[in-house]
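Report on the following structure.
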Amino acid sequence: MNKSKKCSISIGPIHPALKEPIQIEVLVEGERVKDASFSLGHVHRGIEWMGLRRNPIQIIYLAERVCGICNISHPLAFCIAVENAANIRVPERAEYLRTIYAELERIHSHLLFLGVAAHELGFDSILHYIWLIREKVLDVIEYLTGNRITKAVLMIGGVRRDISKKQIPKIKEMLAYYKKAYEKLCEILLDDPTIKLRTRDIGVLSKEEALKLCAVGPTARASGVKKDTRQDFPYAAYADLDVEAITPDVLLGEIRGDVFDRIIVRLLEIKQSLELIEKCIKELPEGPTLYEPVLQKLLVDLKKVDNEGIALVEAPRGELIHYLRMQNSETLFAWKIRAPTYANMHTIVPMLKDSELADVPIIVASIDPCLSCANRAVLADKEAIIAQEKIHELCVKKTLKIKERLKRWEHV
Amino acid sequence: MQATELIEKLKETLAKDISDFRIVTTEHGLKKNRAYRVWAEVSNKKLKDVVKKLFSLQEYPHFSVSSGVDTGQNIEILLHFTLNYAAPKEQVLLTLRVKLPKKRPVMETITDLIPGALISEKEKREFLGIEIKGLAPGRAFLDDSLAGVFPWRKDKKGANKIAKNLHTGERIEQK
Amino acid sequence: MGLDALKRSLWVFHINTGSCNGCDIEIIAALTPRYDAERFGVKLVGSPRHADVLLVTGPVTRKMKERLIRAYEQMPEPKIVVVVGNCGSTGGVFYESYNLEGPIDKIIPVDIYVPGCPPRPEAIIHGLAKAWEKLEGMKKCKQQNL
Amino acid sequence: MLSFVKQLVKQLFKKPSTNPFPCKHVPKSFTHLMEEVEKGKAKINKPIKTPPRFRGRLIYHEDKCIRCKQCIRVCPAKALEFDEKNNRIKHYVSRCTFCGQCVDICPVKALEQSDEFLLADYNKDAGFLIPEKKQ
Amino acid sequence: MFNILHVAAHSIFIITLALLLSLLFNGLERKLIARMQARIGPPIIQPFLDIKKLFIKENIVPANSIKWLFNAMPLVALASALLLFLYMPFAGMPPLLQAHGDLILVLYLFIIPPLALAIGAFASASPYASIGAQREIVLMMSYEFVLSVVVIAFAWLLSFSHAGAYAFSFDTLTAYPIWNLVDGIGKLGVALLLVSALAVFPAKVAKLPADISEAKTEIAEGVLVEYSGRNLALLLMAQAVQALAFASLIVALFFPWNISAFLALPSIFALIADFIFFLVKTFAIMFASLILVSAATARLKVDQAARIYIYYVFLLALFGLAFIGLDRLLVM
Amino acid sequence: MSLLQHSVALLIAFPLAFAFLTAITEKLSAKVKNIVVPVGMLSVVCTAFLTSVDVFANGTKVYTMGAELPSITMPAKLAIPIRIVFIVDAFSAFMLLLSSIVATAAFLYSASFIREAQAKYYSLLFLMLAGMFGLACTADLFNLFVFLEVLSISSAALIAFFVDFKASEASYKYLIVSSLASLMVLLAVGILYAQYDMLNIAALAKVLRFSFVDIIALALLVSALAMKAGSVPMHFWVPDAYSRAPAAITATLVVASQSCLYALFRVSFSLFGAFPLIHIIAYAIILLGILSMFIGVTMALPQKDIKRLMAYHAISQTGYMLLGVGIGLLVGNTANIYALKAMEGGIFHIINHALYKGLLFLTAGAIIYSTGKRNLDELSGLARRMPATTIFFITGAAAIAGLPPTNGFASKLLIYESSYIFNPLFSIIAMIVSILTLVSFVKVFCSAFLGPELKALSNVKEVPKPMLFAMGMLSFFIIIFGLFPDIVLNTIVEPAAMALLNQKAYIGALG
C-alpha cells in the first residue's frame, strides 16, 4: 500500500494478457513502471536445429509452425531462400498467388491484433466484434487452402493450390464485405473516447529509438520509419503492385509513435491488403503454378545444390528473414530465422519505462509480439532478477504446501 | 538513390576491406523487378571499421540479424544489413561474412554502434559458443540446464547428445 | 450431483507451453461469437486457482515444464486437463528436439486430447463435449460404487 | 462511441451469429443425447460446413498402395510409419499436421483426406490409428 | 418474542430473495452482454451453476497468507452486502429495519464489501492481489465523494419543503419523491445527481470501464487472484448482491413510486404489482448504467478513473446541488 | 452518603494524595508501590464514576470548599462567591466518566511496560488526572487556570518520560505552547477580574457586560484553549507530543486535550453564552473545526510514522467536535432539534474519540512494543503474529473511520444528519474527511498488519495480557456505544448537551 515501496512484478510466462509465454519483469513504484526487462526462451523449440535433420519439403511445414499466425510468411521466406540458393525462377502466376495468400494472412493477423488489443483494454465487445468479422477471411482461407489457420499452400518453386476462376467470386464477396466493415471499424476504433484515453501517448517510441533498436514492421512505421519490405525489396508480385509503406500521418497528419499509432497503421494496412488482393485478382497472369510439379524430382534437384540463400519477407509484424545454406545433402546445412518480433522486442523497454502498470499489457501487445519465433533473449538487470527469485521462492513454497494437501487428499 | 548506385558506392568505400564480393540478383513479378543481394567477406579485425563505414552510406544502416554456421574448421558469422531502405524497390540486402577460427572464436561487439544487435550477439554466443568482447554478460535464453551445450555446433559440443524423440521418448542417436 | 454442476460451468485456464500459436488463436476463436463457448458456461479465467479445466497447447519446452506443473498443482480439485493440438499430444511436427520435454501427458495427467494442427474451434468444443461425457461417466461410476 | 453503442443495441435484437453446435447449452446428459442421436431419435446441430478439399483426417486405401514409401519421406511429423509386420503404412492421427503432403506425393492416390475433424478422445492412440480399410 | 421471530423470518425471506434476484440479474446481465456481442451467451441461470460448482471445489488457502483474515473477509463481504437489503426499500416493500438505520447507514454499509475484498486480497500476500486491492481502495475513495454529495443534496432539498420530516429515512424519501419537490432548474439538478450516481455504478460493482481492481489482462483477476472454491463463490455472490443493492438504492432515491398507488389494487396484487414494477425499475437502471456501459467501454486506468470521479463526476454532483439551491432561491 | 457528598473534593484530593504517596514509595519499595498504585487508581476511578452517576441521576452538584455545607456557595452577607466553588453539571460528569475510562485503560496498559521502580511515572499520571478532574469540575476561572497548569506540567513531564532527544524536544514544544496558552488564559482571567472583581464563572456570567475588553478576554480564552486542544492552526505541537510520549500517556493526552476542549466549550457557553455576537465565535469555532478536519487528515495521509499519523488524525477528529458544538453554539438554544443533534454529535464524539483514539494509540504502542519499529515501511504482516492486536486495531480503525457498528459511526451520523441544514457543504466535507480517514487507516492496516511477513519481524510476539486487557476494554466500549447509541445518548450525552446549552441552569446552580 505504500506508494514508495518499490516492488518488482513479473508478468508471464503464464499470464492472462499473454497467450504466449514471455516473462516481463517490471519494477514498479506504486503503479509507475520504473524499469522493465524481459526474458524469453519459453517457446524455444529448436526449430532451426530440427531443420538440419529434415528435407526441404518437410521443412516447409515446420516453418509453417514457427508461428501459426504467420504461417504463410515463414514458409514463403523459406521457399524464397531455397529458390535463391538453388536459383529457381518461380512462375509469375505462382508469385501472384503467393501475394494473395500473404495478404489474406495479413488481414487475418491484423484483425486478430485489433481484437487482442481491445481485449487487453478490457474492451471485449470489440474483441468479439472484430473476431466475428475476422471469420470471413478465415472462411476464405479455408475455402482456398483447406484449413482455417495452417494454409500449407506453398511449395518450393511455386504454390500447391491454384485459385480457380470458380473461386474468385467468393474472394470478391469477401473484399466487398471488408470494405464495408472497414468503415465501421474505423468509426469504432478511432472515435471511442475510452480507447483514446488508454492508448494516446502511451508507450511512445521515437523514430530515433526505432532506428537504433532496429525496429521493423508496423512498430517502426508507427514511429515514422517508412520501411516496408514489400515496398523496398522486390519479392513475389509486390513490386508490380507499387506498395507504399504506411505511416500514421496518412490518416492523422502527425506521427506520435504511441500505441494508438500502431493501431492506426494496422488498420490502414488492412485496407491496403484489400486493395492489393483486388489488384492481384485483376492482373493474375495465366500459367503454371509450380516450377517443378514432380516433387520427387524437386527433392533430387535440391540435393545437388551447394549454395546459400537469403530471403526477406514482410510478415504482418514486419520484416522476416530466412537464411539457409545447402551443401549437397537432402537436409539443410544451416538455417537461421529472424522473426519480426525478435527485432521488435527491444523496443518495449523504452516504451515501458515510465508507463503505468496498467499500460504494460497494451504496450506489450502493441508490437503484436509473436514470440513463437522470436524466443531468444534475456535482458534482465540484477535487481529485477533478485526480486524475481523472491517471488519464485514464494511460489515454490506455495506449491510444496499444495502438494502436501494433494497428498492428503489422495489418502482420503 | 538507386540500388546499383549504392552498390557502386559500397564497393568504392569498402574496396580495401572486403573480399569475395558477390552480387546476386533475382527477378520477380511480371515486370521483372530486380532484387539485389550483396555478399562480401570481411576479416574479423576490420569488421568494426566496415560497420562504421556503412554509416556513411546510410544514416542508420538497418541491422537485421546475424546468422552463424559451423562449417567444420571455422565458425562463420554472417551479418545481414539492409541498406537504402525506404527507397521503393531499391533496397540492398548486404551480408558480411566473418570467419572465426574454431580454436579461438573471438569477435568484437557492434552493440556500441547498433544497440539493436544485442539479442543477435547474445544468441551467437549462446548457440555457437563464441566469445564476443564488450558484450554485456548474462546467459541469454536457453535454460541453465543446457550450459555447455551449443545447439548450432556440429561437433561434440552440439545438442545431439541431449536431444530426444518426443514420439518414442528415445534419445536421438549421434548423427 | 457435484460433477453435474462442474459440467455446466467449466472455467478454463489456458497455458501455452511452446506451441506455434495456431491452437491458441483457435481457442480464443472458440470463445468469440461464431462459436461462443460461453454458452456452455465456459469462461477463460486469469488464475489457475479459479479454473476447472487446464487447456494446454504446445510440446512443453524446458522452461515451461516446471510452470506447467505448477499451474496444474495450483488448480483446486476436481480438475480436468485438455490438450489441444497435436504438438501437445505427441510432439507432432516438433517430434525431435533438444529443448522439448513433452508431450504433455508425460508431465501431467491428461484427460482429453483434441487432435488437429490446429483443430477447428468446433473441434475444441467437441473436446469439451467429451469432457461432459467423461464427467457423466465418472458420476455413473460413483453412483454404482455407492 | 455512440455508433458502437448503436451497433451493440442492434445486435441485441438480431439473431446471434453463433452456430449452436452441438447443442445450444449443455444438455442434461450428453451421453444419453449421443445414444439417441445414434439411434436416429434426436438430432444435434451440425458444425459449420467444411469447404471442398478441406484437409481433414487421412484415409488410407491399403489396396491401392504400392508401398513406395514416398509419403513417409515427405511427412513432416513422422506421422506415417511403415508397419513391417503387416506390410502397410501406419498412420498416427495424433501426430499428423494435416498438411496433405503425403496425399500430394502418393503416385497412386492411396491416401486421401476426408472432411472429418471432430476427433477429440480420451486416448490419443485408441481408435485413431489408421489403417482402416476402405469400407 | 413473537416480534423477534417475525423479524428474523422476514429477514431470512428478504435475504434469500435478494440473493436469488441478484444472481438472476447477474445471469441476465451476462446473457444480454453476450447478445449485444452477437453471441448466444450462457443460460440465465449460469451464475447459480457457477456458484454451485465453486462450492464443491477445493478451497485453497495460500500458505503465506493470513489465514483467518483471508477466510473471514469473503463472509464479511457477503454478509454486509446482504444486510443492506434489511435497511433499504426492496422489492416494493419498505425496509424491514426502518427504525434502525437510514440512508447514511446504507451508504456506509456499502463501503464494507469492497473494503473486505481489499483486505482479503492484502491478506493473501500475492503481489497481483495487493495491486488490485490498492486500486480498489483508490477507486472507492474517489466515488464515495460523489455519493456523499448526492445523499446530502437529497436531505437538504427535503429540509426545505418538509422541514419536520426526517430527511434520511427511506420512509420520507418514498413519501416525497424528489422530482416533485423541485421545478425547472431544480429538476435539472436532480437529473445531474442521477447521472453522477449512475456513473458511480460500474465502479461500485467492479464492472467495465472500472473493473480496474480485477483487470484480468493486467493483474490476473487482481483482488480475486488467490481465492478459490467456497471463498470465491462468496465473493462473487457479494458482488452480484452489491449490484442489485445499488440499483435498488437508486430506485429508492430517484424512483420511489410504487405502481399500486396508481392502480388501486387489492393488497396481494398490489404487492405483486409493486414487486414486478420494482424489478422493471432496477433492471432498467442496471441496463442503462451497467450493462450497456460495460459492453461499450474499455477499462480505464485507476488514475484516470479516479480523476474522472473526483473532478468530473464530483463536480457534476456539486452542480446538481447548486442547481437545487438555485431552484430554492428562485422559489423564494 | 456523606462521602458521596464530598466526592467532589475527593475527586481532586485522591489523585493529589496518591501522586504524593506513589512518589514516596519510590524511595520505599516496589512492593508498596505495587499496592499503592492500584489502590489509588481504583479509588480515583470509583470516585469519578460515582460522582458522575450521582450527577446524572440527581442533577448538578455544587460543592464549596471550606463552607459549612458544601452546597452553600455564598459566604454569609457577601454577594459574590469568594470560596473555591465546584459545579459539577452533566457536562462535567460526562468528562469525569470519559477521563476515568481512558485513565483506567492507560494504567492497565502501563502495568506491563513501565518497570517496577518508576513510581514517578504513576505519580505524574495521578497528577494529570487531578488536573483533568479539576478542570472538569471547577467553577472558578482562576482555578481553571491552575488545573490547566497542573495538567500541562504533568503532561510535559510524561511526554519526556522516556528521555531521548526527540521526546524532550516534543515536551519542550508542548511546554512552550502550554505556557503561552496559560499566559493568555491568565491575562483573560486578569481582565475579567479587574472589571468585575470576581472569578466564579456562573457569577461572572450573570454580570458580564460584554464590553470591548470582555471580548478581548473571550478571544484570548477561546484561542488559548483551542490551541491547547490541538486545533488548527495551532496544531503543530500535537504530532510531536502524541507520537513521542509513551502510548498510554498519549491516550491520556488525548483526554487532556479534550479537557481543554471542555474548557473552551464551558467558557463559550456557560460564561459567554449570552453574548449577543456569540455567533461570530460560533462561526470561528466551526471554521476551525472544518479546517482541523481537513488539514489533519490530509497531513495524516502521507505519514509513515504510525503514531504521528494517528496524531494528525486526532487533530482532524477534534474538528468534528468543534463543528458539532460550534453549530450548537451558533443556534444557542434547545429549540432547534438540528442544533441539539449537532451538539450531541459533537459531545458524543468527544467521548468516542477519546475511546477509539486511545485504543488506536494503545495498539500503536503495542506494535512498537513488540517490534521496536514505528515506521510503516518497516512493518508488514503482523496479523499473523498479533491477531488480538489486529482485531483491536480493526475496531479502532473502523470507529475512527465511522464504519457501522462502532461508536464513531453513531456520533458522526449525528453530525452529518444535522449539519447539512446549516450548510450542505458541512456535511459533505465531514463525510469526505471520513472517507479519507478510512483510506488512511486502510493504508496503515494493510502495510502494518497485512502483506508478506518480513524476516526482521519473524520473532514478534503478541503483547502481554494487561495491555491486551486495556485495549479490549476500550474496544468493548467502542462496540457497545456503537450498538446502543441511543442509551448512551439519552443517559449521558443529551444531559451534557443540555447542560451546555442551558446557561441559566448553570448560573442558577450557584443559588
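Per-chain numbering from 1; labels A, B, C, D, E and F assigned in written order.
Basically, a contact is a pair of C-beta atoms (placed from the backbone, for glycine too) under 8 Å apart; a residue touches a chain by one contact, two chains touch by 3 or more.
Because the structure is predicted, anything quoted here is derived from the model rather than measured.
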Remark   = Higher number of C-beta pairs in contact (D-E or A-C) found for A-C
Request  = Grab the C-alpha centre of each chain and report whichever is closest to the global C-alpha centre.
outcome  = E
Query = Taking each chain's centre as its mean C-alpha position, how far apart are chain B and chain D in Å?
reply = 43
Note = Taking each chain's centre as the mean of its CA atoms, chain B sits from chain F at a distance in Å of 80
Remark   = The distance between the C-alpha centres of chain C and chain E, rounded to whole Å, is 37
Chain B and chain E: spacing of chain centres that average the CA atoms, whole Å = 62
Inquiry  = Quick check on chain A: which residues sit in contact with 2+ other chains?
reply    = 1, 15-16, 41, 44, 46, 49, 53, 61-62, 65, 125-126, 128-129, 132, 150, 192, 194, 394, 398, 402, 409
Message = Where in chain B do residues touch at least two different other chains?
response = 142-143, 151, 159, 163, 167
Query = Listing for chain F: what residues touch at least two other chains?
reply = 442-443, 446, 451-452
Chain D-facing residues of chain C, complex = 7-8, 33-36, 39-41, 86, 89-93, 95, 105, 111-117, 119-120, 122-123, 125-127, 129-130, 132-134, 136-137
Message = Can you tell me which positions in chain A touch chain D when the two form their complex?
response = 54-55, 57-62, 64-65, 125-126, 129, 132, 139, 142-143, 145-147, 150, 152, 160-161, 184, 187-188, 191-194, 295-296, 299
Note = Note: in the complex, chain E contacts chain F through residues 64, 66, 68-69, 101-102, 104-105, 108-109, 111-112, 115, 118-119, 122-123, 125, 130, 133, 137-138, 140-141, 144-145, 148-149, 151-153, 155-156, 159, 167-168, 321
Remark   = The answer for chain C against chain A in the complex is residues 14-26, 28-29, 32-34, 44-48, 58-59, 61, 63-64, 67, 70-71, 73-74, 77, 87, 92-94, 96-100, 117-118, 120
Key: Parts of chain D lying in touch with chain E, wherever the complex brings them together   = 1, 4-5, 8-9, 11-12, 14, 16-18, 20, 24-25
